[in-house]
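Each structure below appears as structure tokens.
After this come two complexes, each holding chain A, first together with chain B and then together with chain C.
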Partner chain A sequence: MDSKTVIKVANLARLRLSGEDEIAQRTKEMSGIISFVEQLQEVDTTGIAPLANPNDDVQRLRDDKADNGDTGNSGSVRVLSNAPESNSGYFVVPKIIE
Partner chain B sequence: MNIADLTLEETSTKLKNKEISSIEVTEEYLGRMETYRGLNAYITETPELAMEQAKKADTNIANGKAGKLEGIPLAIKDLFCTKNVKTTAASKILGNFIPPYESTVSQKLLDAGAVMLGKTNLDEFAMGSANTTSGFGNVISPWKKNDGSNQDLTPGGSSGGSAAAVAAKLCLGATGTDTGGSIRQPASFCGIVGIKPTYGRCSRWGVVAFASSLDQAGIFAENVKDTAILLEASSGFDPKDSTSADIPVPDFAAAMNGDIRGMKIGIPKEYRVDNMPEEIEKLWQQGIDWLKSAGAEIVDVSLPHTKYALPTYYIIAPAEASSNLARYDGVRYGLRTEQDALLDMYETSRAAGFGDEVKRRIMVGTYVLSAGYYDAYYIKAQQVRRLIRQDFIDAFKKCDVLLTPATPSAAFAIGENEDDPIKMYLNDVFTVSLNLAGLPGMSVPAGLDANGLPLGLQIIGKAWDEETLFKVGGVIEQAAGFTSKAYK
Partner chain C sequence: MALIIKGETGEWEVVIGMEVHAQIIANTKLFSNAKAEFGAAPNEQVSFVDAAMPGMLPVLNYKCVEQAVRTGLGLNAQINELSVFERKNYFYPDLPQGYQISQFEHPIVGKGVIEIDLPDGTVKEIGITRLHMEQDAGKSIHDQHPTKSYVDLNRSGCALMEIVSEPDIRGPEEAVAYLSKLRMIMRYLETCDGNMDEGSMRADVNISVRKVGGPLGTRAEIKNVNSLKAVTQAIHYEAERQIDILEEGGEVVQETRLWDPEKQETRSMRSKEEAHDYRYFPDPDLLPVQLQSKWVTEIKETLPELPDQKKHRFMNEYGLSLYDSSVLIAERKRAEYFETVAETGGDAKLSANWVINELLGALNKDGQDLEAAKVSAKQLGGLIALIKDDTISGKIAKDVFAEMYASGKNAADIVEEKGLKQVTDTGAIEVIIDKVIAANPDNLAKYKGGKEQLFGFFVGQVMKETGGKANPGIVNQILKKKLNS
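This part shows the complex of A and B:
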């Protein structure tokens, strides 16, 4: 684990690092955690299928049918009610085209 | 009669016999919440809503339409979305979030007639074991050491607010969630009962997601029977949760008949960890003796991959968290920092909104899922996860339940174990395997340590066999005669 990797991971995770101090701190703690989990490499897992769901269930799919949940007909209004910025029924984001 | 001295079951009986009203009960608990506000157990109190619901409950009782929890005041962990009531996940990034919908579990409790007192504090996004990562301040345990030090202790985490609220009698029961031990560890630290049911027993719908294949809702109450009553009301199939199980919900309280004669209790040898405090060892042996005297048979079992459970968890949980928390982008809800460019807005909003532990886990999760590391870490961890689950399947061929300590120590002081993340993670050494295997586990208060602080025993069951947990839990509760209380 080095600072270059930490900067790359922070970029993938869309987390702005505050500066050199945070980069150093994150590098140190990530090294610690990754070396802690490294011990899994000693387990022989040849031929073992990965387990993603403890009950082995295949996740159900619902019918492909629109519903308003319990938000009623005013669903879109209420969904927008938590938006930091909205306009005419749309979410507003900073300009993405120059 | 002091209303706060009554258990949930006793309160319920008195309500239905009209000896007391829900308004009286609710007022008593709201008053206690005010008196003990210094514990910081609640992030949001909802007194007006509670009084409205109490009034309705009294009407329902008068009209003979009482539900199973009619008029019972409960607390809801602030990870469960509650319609029109602020839900923060103890994160600044959701500091002003007002859900337009109700989580299935809280809806079920309300449908049964419960009164909601408020939303309890927790570690941010349920990531922590001491309730010190909350964006809204630590929770202080109502317990103190008996040495007169008056030092503030942690209630445990992540469901620290719920556990403290139940222990201080600031509610009659509370919901929690448990991803690696977040119900069982705080229950143990606070001298109350906590159950994490089988994965899929309680719906995850409307619960702010941390690690979806591990997250499970559950219950805190001051005794085993009250826990059984609340779990039954919270459980059941929900088409809105794709991993909810479509199987019947038993009458959990009815399973508590005290008869464990001939039952086989497995003792996993790998849980005798290095440097285990003598008190924990002694308590465990005490538990074994109690069950033996009640007629159970003790069987030694082995869970050989136990030592790999924590490292497995600290790959899978951060991986799922990094994916789940990608949704907090400052667009649809939550905190936004104003920026001219979209990417800057994402990055600065997330940097400002998430706390340190959450960032740490997002970073680790992003790393183990990133190109070149996915197979070595994430897939490897999922393979070991299968081996861990297989250990339990093999052990349960020889026994009906397992008995272990719930935690490696009693509650520690706020601020302890904060210097190294791994130190904090080790709190979950006895609890985390169950989440990986999807199994139910219950923590039952069983004794006090030399400082007068509670210690819990953990009962681990087969998938869908919570009934046996309640049965054994009831026997331990009775044998332990745990009557120490944190509240006055």
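This part shows the complex of A and C:
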């Protein structure tokens, strides 16, 4: 794990690293995590299917029924009340330039 | 038909694969119970799950899984009993979770194949690579404010099927035929309404070029291709662009490009490239989806006859051409209409001609679809039956049809009211023929003198005398006998 990778991953995850010191510290921490995983990889898993979830169950399915308590006009007001800024029913965010 | 482009250095062929996003028909979203209807006021159909509020958990919609399986079966594809939802990570304001829940390594549907019908009357098979379920994103609007973007999350979390084709498509005609057939299949299955205008079916086109028969070239992915016309234009533009680069000794860059319908060009979306590292991993909020094979079998039993099956049956059972069959199967209602006409009229080929040329022709001219037709299938079948049993001639039938089309009246009533019944009484026809021959001694002499094309003149005169109602077969027969005697 080098500092270049750490900077790239931080950028992808939108994490701000405060300077050389923090980059060095995070690089050390992440190297630690990687070596821990490497240790796990020493276990022979030939012929064992990868585990998608530790919960040994299958997905339960929900009926295709709309819940009016959670949507509709009142829902829109409720969900928008969580927005720092809104206008005419829209969430308002800083301009995204493509 | 494959598109071959002549360049400076030889002939190039275009290789195309498509990724189609189709919105699943369901009442609610993939992982939440908010409504999934089109056209609601902004943010009116957004649950806390769709807005990714802390602590909210996704719960998978039964109907969406069923629709994905149905579509997979309709694409003659492998249904995977175990599939896994993964997180595709990227940041954008219309994706509040910061990741899209999608399927990656273990999609619900694997390889399949469909037939496409080409304008030159041939059929080609196009391979389906996979179909997977995923969430749609919301919508951003950038032109409401100088420094702000507006976000509507109604579409956020709606269920999509992404259908990926093999790179088997060789030009715009095939691409359009592929999209049309895919749309047709999903409309038959009622799993997606296929409405490209409303964005419920969207296509990304992967294009590369190569010398005919040569190794595959580097591809570019073209986004924002939102109509059949745009697909055709974008393919032509992009193929020419890549050929120019290669012929000048350059290299095509593998990248995502945006189709600009105003400027009629594709351009690089560099911003998309940086974010291309999606870091997929299984979504810990969701367990693997395990399908019961019994359930899959049950779904299979509810499938309607699919477009290609119908097409082959029309060709085999009714002896229709590939062209006529593919026109008739384009919509399920249209195919049903035709079958009722054929059954009532008693002649499938004749019925196909009348449905395609007269009815659809007239509707098309008026900018209407079949729903708007005043003539019911049974009524049109009634008209065919009258032609079939020689009550009226084909020519008179066109006039009758015009009136049926305008008024919705029954053919038999119109024939009765206007006295259009064909004269098949040989005695009556003979009298008229004698009259016509007697009135035209000059032409009779010329005919006897060898000017045989005058036969048509006599037929015309007889038809005129009878107001077009004489049976043409009988007229020909008697006239020939009389003129040659």
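One rule holds for everything that comes next: the second predicted complex is superposed on the first by the 87 of 98 C-alpha atoms of A that agree within 3 Å, B and C clash if a C-alpha of one lies under 4 Å from a C-alpha of the other, contacts with A are read in each partner's own complex, and residues count from 1 in each chain.
Rule of thumb we're sticking to: a residue touches a chain if its C-beta (ideal position, glycine included) is under 8 Å from a C-beta of that chain, and two chains touch if they have at least 3 such contacts.
The structure displayed is predicted, hence computed values, not measured ones.
Look at A:Ile7: by the touch rule set out above, it reaches neither chain B nor chain C.
Legend: residue contacts after superposition of the two complexes on their common chain; A:Asn55 is shown touching both chain B and chain C. Of the two partner chains placed by the overlay, chain B and chain C both lie in contact with A:Val93. Contacts of A:Leu40 after superposition: chain B is touched, whereas chain C is not reached. Touch criterion met: A:Asn82 reaches chain B and chain C at once.
A count of residues in chain A touched by chain B and by chain C gives the higher number to B.
In the superposition on chain A, no contact is made by A:Ile23 with either chain B or chain C. In the superposed model, A:Ala66 lies in contact with chain C only, and not with chain B. Touch criterion met: A:Leu15 reaches chain B, while chain C stays clear of it. Applying the stated touch rule to the two superposed structures, the overlap between the chain B and chain C interfaces on chain A comprises residues 12-14, 52-53, 55, 57, 59-62, 70-71, 75, 79, 82, 85, 91, 93-96.
If you check the complex, the residues on chain A that touch chain C are 12-14, 52-53, 55, 57-67, 70-73, 75-76, 79-80, 82, 85, 87-96, 98.
Contacts from chain A toward chain B in the complex involve residues 5-6, 9-10, 12-18, 26, 29-30, 32-34, 36-41, 43, 45, 48-55, 57, 59-62, 69-71, 75, 78-79, 81-85, 91, 93-96.
Chain B meets chain A in the complex at residues 83, 96-98, 100-102, 198-200, 213, 239, 242-243, 245, 305, 307-308, 310-312, 314-315, 322, 326, 329-336, 339-348, 350-351, 354, 359-360, 362-364, 366-368, 370, 376-377, 379-387, 389, 420-422, 425, 435-439, 463. On the side of chain C, the complex with chain A involves touching residues 26-28, 32-35, 41-48, 51, 53, 59-65, 84, 89, 91-93, 140-142, 144-153, 269, 271, 275, 277, 279, 282, 284, 286-290.
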